[in-house]
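Dropping the structures in below, format is structure tokens.
In the two assemblies presented below, chain A is common to both, partnered first by chain B and then by chain C.
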Partner chain A sequence: MTLPATKTDTKTATRTAARTRWLQDNGVYVAVVALLLFNAVFTSNFLTLGNFRTQLVQAAPVLIVALGMALVIGTEGVDLSVGAVMALAAAIIPLYLGAGPLLAILMALVAGLTAGAFNGFLVAKVGIQPIVATLALLVGGRGLALVIADGQLVQLHDPAFLALGTDDLLGLPISVLIAALLAIAIAGLTNRTTFGRQLVAIGDNRKAATLAGLPVNRVLVGVYTLCGVLAAISGVLATSRLGASDPADMGLLMELSAITAVVVGGTPLTGGKVRVLGTVFGVILMQLVRATLIKHNLPDSIAQMIQAAIIVAAVYVARERR
Partner chain B sequence: MITQAAAVRTKVLQRQGAAVALVLVVAVSWLVFPRFGSLDNLRDLALQGSFLAVIALGMTFVIITGGIDLSVGSLYALGGVLAAWGSQYGFLVALALPLLVCGAIGLVNGLLIARTNMAPFIVTLASLLFARGLLLAITDEGATTYQIAPDSAFVELGRGTVFGFGYPIFIAAVLCVLGGLVLNRTTFGQNVFATGGAEQSAILLGVPVAKTKIRVYTVSGTLAGLAGALTAAYLQSGVTVIGVGTELDAIAVVVIGGTLLTGGMGTVVGTVIGVGLIKVIQNVINQIGTLDSNYQSVVSGVFLLVVVVLQRTLRR
Partner chain C sequence: MPTETSAGPVIEVAGVTKTFAGVRALDDVDFALKRGEIHALVGENGAGKSTLIKVLTGIHTPDGGRVTRNGQISTIYQEVNLVPLMSVAANLFLGREPRTRFGLIDRTRRDADAAELLRGYGITADVTSPLGTLAVGEQQMVALARAVEADADVVIMDEPTSSLEPREVETLLEVVRKLHQEGITIIYVSHRMDELYRICDTVTVLRDGRNVHSGPLEELPRIELVSLMLGRSVGEIEKHGTTAFGEDHHADTRPVLEARGLTSTPRINGVDVSIRPGEVVGLAGLLGSGRTETAKAIIGALPLDHGTVFVAGKPVPRNVKAATRAGISMLAEDRKTEGIIPNLSVRENIVLAALPRLSRFGVISRSKQDRIVDTFVKRLRIKVSSPEQKVAELSGGNQQKVLLARWLCTEPRILLLDEPTRGIDVGAKAEVQALIDELAREGLAVLLISSELDELLDGADRLVVLRDGEVAGELEGAQLTREHVLKAIAAEVMDDAASHQNRHQNSHQNSR
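== the complex of A and B ==
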């Protein structure tokens, strides 16, 4: 007698599970589409080319940081130092800009690489928890950037460097183009290379990965280094767009925006999974939310509370059930 | 026997490393900077440390359960603003309002974390944003700074002194002693350790893990609100821009104090020592007049790193 009932229950349960699963996997895309539709109907001047450009240009630096963050989170880590690395990159630019923009950018990237490698060394070789290891650089890095810049905002005048933030290539702003290319590259890295597989395996179960003979330390150092370089690229682009080196404000609270975008995009904080496309849409979603709130003249206070609610809702949907 | 003795020595170093560092830093500062040892400076140092100590006390409980609370910096600021706003209705409202509101936000943190299996990091990150938003909402987007009447009893709470030592120092001291006792001598304390040590085993053993988590986040939120109220009383106003990054300071001092971020281990004494270390270092950097304040964060960062690396190496 109980058998048929159980069968139906199981079927319903399976269907519910499937639906939840689908929502977990695609929630962020649905949310972006819903928000776009909402704005198309209710926001004046939303469906204009100029507006889309603005949104993309604003989202590009966050996306570049978020890509690195997604990789780090995939290894069950976190990198709190990305904002400080952006500030370091910003502080270094004016020091070398006299010798040409290429050298300046190169030096900024070297700073990001060094910072990232240092984080990776602390996490992989010394065995310090990612939060603490990168917290040290978050605290010290911005201070160092301010010491380098003597606490000053420096206006930049090199036309070639400024063009990076203002000019177009193939009809797209250069920073957006770079962000898109990097997203494609990172997607390729995670899905098509051994490095990507190893990264996910380490995040899934570090002990097992070690026992299986994966080069755990090397991969971890690589991931954190990559994250540092990406943060530096983002710092360079943001500095170029701003037209000034501003280490006091550059990348402030960027770590939180990046982590939010990654998590909203469906990459779990518990590691073992990296969703690059989800991260891209996570960044777009948070950007659209902000834009929507601003365009409807909601004050900053309400905007922040709504963002908080969206984060909780997104993570609630995407959470792994016991 | 020898290895055992060595193990004991390592353990002592691990547990007392921060204390040894504190004694050294204090001794050197005392000798090098004539103003460091003055009673005025020590009073100031203790007062500055007391606000952070109250916040870090709650953080200690949270981290021992294996969690983290990023919302305390915002709750600290929110608590101050609420206290300043509430002070027009008398002492009780000024004190109770921040405790209740910040405690309630802590409770929501705890409920979300314990009941829905969401990561503490992300839940408290959201409430960091939420509390900051709430603060902006009640201060006309940060444009209004509520003042506290200088002759009110509430100001006395922040500015009153015994032998020149401010009331907040005694409040923080009492709370830390109580916190230490609760952690080590009560069932709740045992549950906190069990939750962070091995959550699954704790559940199987019948430890009320969910209830314990809800309580520690509520306590953490309430204490952050209290620290904010004390700061407002001391400053005689609800400053809206404080507390940015305070959660990271709190985490740093807890970690320096030897509490493991993985949970299951930690002491209140360590946290107090951690607060002492950070504040002494900041104080010393301020005394070297030629160094600008940016060095303060550089030194704090390096210091955090050194302590953590040492702890890690000694544990091996």
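== the complex of A and C ==
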């Protein structure tokens, strides 16, 4: 009599496990579709080209940062300095804009690269925990940015540079196009390259990866550097769209938005898995949530609480992974 | 040993069984701890010691059987579980601090009490300094003092001396004796034969989750104790004699691997190992004798004080990457934490170490991967539904084969195998053993570590016996018998006179 009972138990257990796993893998897509349907019915003027355009332009900088964050989280790390790196990039733009937008952008990216490499050095070579190592730059980076900019907001007038944030290419805003291309590139990097696979292996079981002779330190430094460069790209695009260099406000709390998007997108904080498409949808979901609430005239404070609820839900679903 | 075993047992365990994820950690174990005795609990890795301790202390609930406790139990783990950043005195009285009239902690009294108390344990360190600043041995003593002060009737000491200096060991043993005189019952887990025989009254030997022997220690010759710990299982005896495993098939060539004077105090001390192509060299010794450490030192995963590893006569820099490039591969002892990458597929686990070779300009080539994975899945007969199956879903034996395949992909010249057949079923075990033999025949130099003596005797051409981190002897040819190995392992303790010319001339333990 006990045997059939146990059998049913196991069956229910596996079914629950399967359902949980399905939700972990696809929850973010379902949520995005559900939110779109909700808005299609209940929100006026939502399904318009103009609105989608606005949403995507707003989401692009977050996505670019989140892509780097997903890689870092894949190694069981975290990068809290991304917002500060964006501010650094913003502060550097006006210094070199006189010599042409290309040089200005290049220098901003070099700043991101340096900051990222510094983080990577602290984490991989010195062995400081990622959360602490990158906290240093979260605080110091923005300070440095303010020193560089002398604490001032600087209006930018270079038309070529401003075009980056306002113009279209192939019918799409340039920043959105860049974000999309980067997402494809990062997906390729994670799934198709030695670097990507080593990154995932290190995140899943660092001890085993070390004993397998993988270049653990090199990969870690590479991941943080890449994350820094992506944050700088995001800072450049956001500055261009704003039309001004504003190191005090640029990228403020960006690290939290990026981590949220990554986690909501199904990348576990425990490392060993990087979900690029999930991250893209995680960013879109959070953007849609905010847009929906704004369109229904709910204050930002409510939006924040709903975001919190979504994070808790995402972490709750991810909790039962095996 | 004088023991007044007045009342009944303090702890009694009858027919206890405990299973973890299908693996039987304890199998119908009986265990009785008499009041006032020092009871040695011994057994190799995975024999069930930790599980039994956790059942005794109530951390694990047994699946079956009965546990009776008549006293307050306190466990002192190998890794001291105190609060390193708090002061010594605070640690000592954590949770039961002396109070002032106002209910606040009376620091002055606490510190004075602590200092006096610790003096009795031979510790004169400043009790207001953080515990973490003390030497490991002293920390252990604080843990011990704390346990005793908390009115424990039973103190369980799990490998208390494994990281201590010889002088600290002496102090610890003194304290243990003192506690014994005060009537405290002690369970002493250790693999150091001389310590056991110096202080313990009774011994319980666990093997494969079973109690294979319980009785007075004095009546048990040391060699027999070792034999009981390493003993063979019934299945193995039947197989023995029918295998043509391990005949002398290595050529008389120069060694491809030479490790000289590997030293990493206090784990290993001056270990030499050399292996010729096609040779299987076994590392024998008890748990904690430095087997795994030797292998890790060879692959560059253990920081060394001295010693050099040569591959084909050339010194290898001390890091895993360089060692791997030189052709050394190591199958780690702990499959779960040091071997598999659980969330990746069988394919990705196999190609992991060889990734750079299987890609072009950093972009992986699936066709190359699929080809090599297919070859190894067939050759090692790995049972998978598809190479894309998650490696965590495989059985232990198949996971082990996946790891073996990972190393074979890198085309190594030297293969270090740390307990390659632990925790895998009998069928898979025989397959893995046959595979090792086959690989050696193809010219690979193999270092085989095993807790099972018979696996070593059957599989190895030559045995290096380790004891307390030093080479206690090398055996080959006709010397490859059970008796010789056991003698080499137990030698020091069998014959005290001989031990003087033997090793350890500079060790304090023997000068006594």
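In this section, the second predicted complex is superposed on the first by the 319 of 322 C-alpha atoms of A that agree within 3 Å, B and C clash if a C-alpha of one lies under 4 Å from a C-alpha of the other, contacts with A are read in each partner's own complex, and residues count from 1 in each chain.
Simple rule for what comes next: a residue touches a chain if its C-beta (ideal position, glycine included) is under 8 Å from a C-beta of that chain, and two chains touch if they have at least 3 such contacts.
Every value quoted in this text rests on a predicted model; they were computed, and no experiment measured them.
Undergrad: Per the contact definition in the header, classify A:L138: touching chain B only (first), chain C only (second), both, or neither.
TA: In the superposition, A:L138 contacts chain B only.
Undergrad: If we overlay the two complexes on their shared chain A, which of chain B and chain C does A:L269 touch? Say first, second, both or neither.
TA: A:L269 sits against chain B, while chain C stays out of touch.
Undergrad: Which chain, chain B or chain C, is in touch with more residues of chain A?
TA: B
Undergrad: Look at A:T210 in the shared chain and tell me whether it touches chain B only, chain C only, both, or neither; answer first, second, both or neither.
TA: second
Undergrad: Let me test your reading of the model: by the given contact rule, A:I294 touches which partner, first (chain B), second (chain C), both or neither?
TA: Touch partners of A:I294: none, neither chain B nor chain C.
Undergrad: Please write out, lowest number first, the residues of chain A touched by both chain B and chain C across the two complexes.
TA: Residues common to the chain A contacts of chain C and of chain B are 322, listed in rising order.
Undergrad: Quick check on the complex: what are the chain A residues that touch chain B?
TA: Against chain B, the touching part of chain A is residues 78, 80, 122, 126-129, 131-133, 135-144, 146-147, 151, 256, 259-260, 263, 269-270, 299-305, 307-309, 311-312, 315-316, 319-322.
Undergrad: Which chain C residues qualify as touching chain A in the complex?
TA: Interface residues on the chain C side: 299, 301, 320-321, 323-325, 330, 332, 337-344, 348, 352-353, 355-356, 359, 362-364, 392, 406, 410.
Undergrad: Please output the residues of chain A touching chain C within their complex, sorted ascending.
TA: Answer in residue numbers: 192-195, 197-198, 200-201, 204-205, 207-215, 272-273, 322.
Undergrad: For the complex, which residues does chain B have touching chain A?
TA: 68, 112, 116-119, 121-123, 125-130, 132-137, 141, 248, 251-252, 255, 261-262, 292, 294-302, 304-305, 308-309, 312-313
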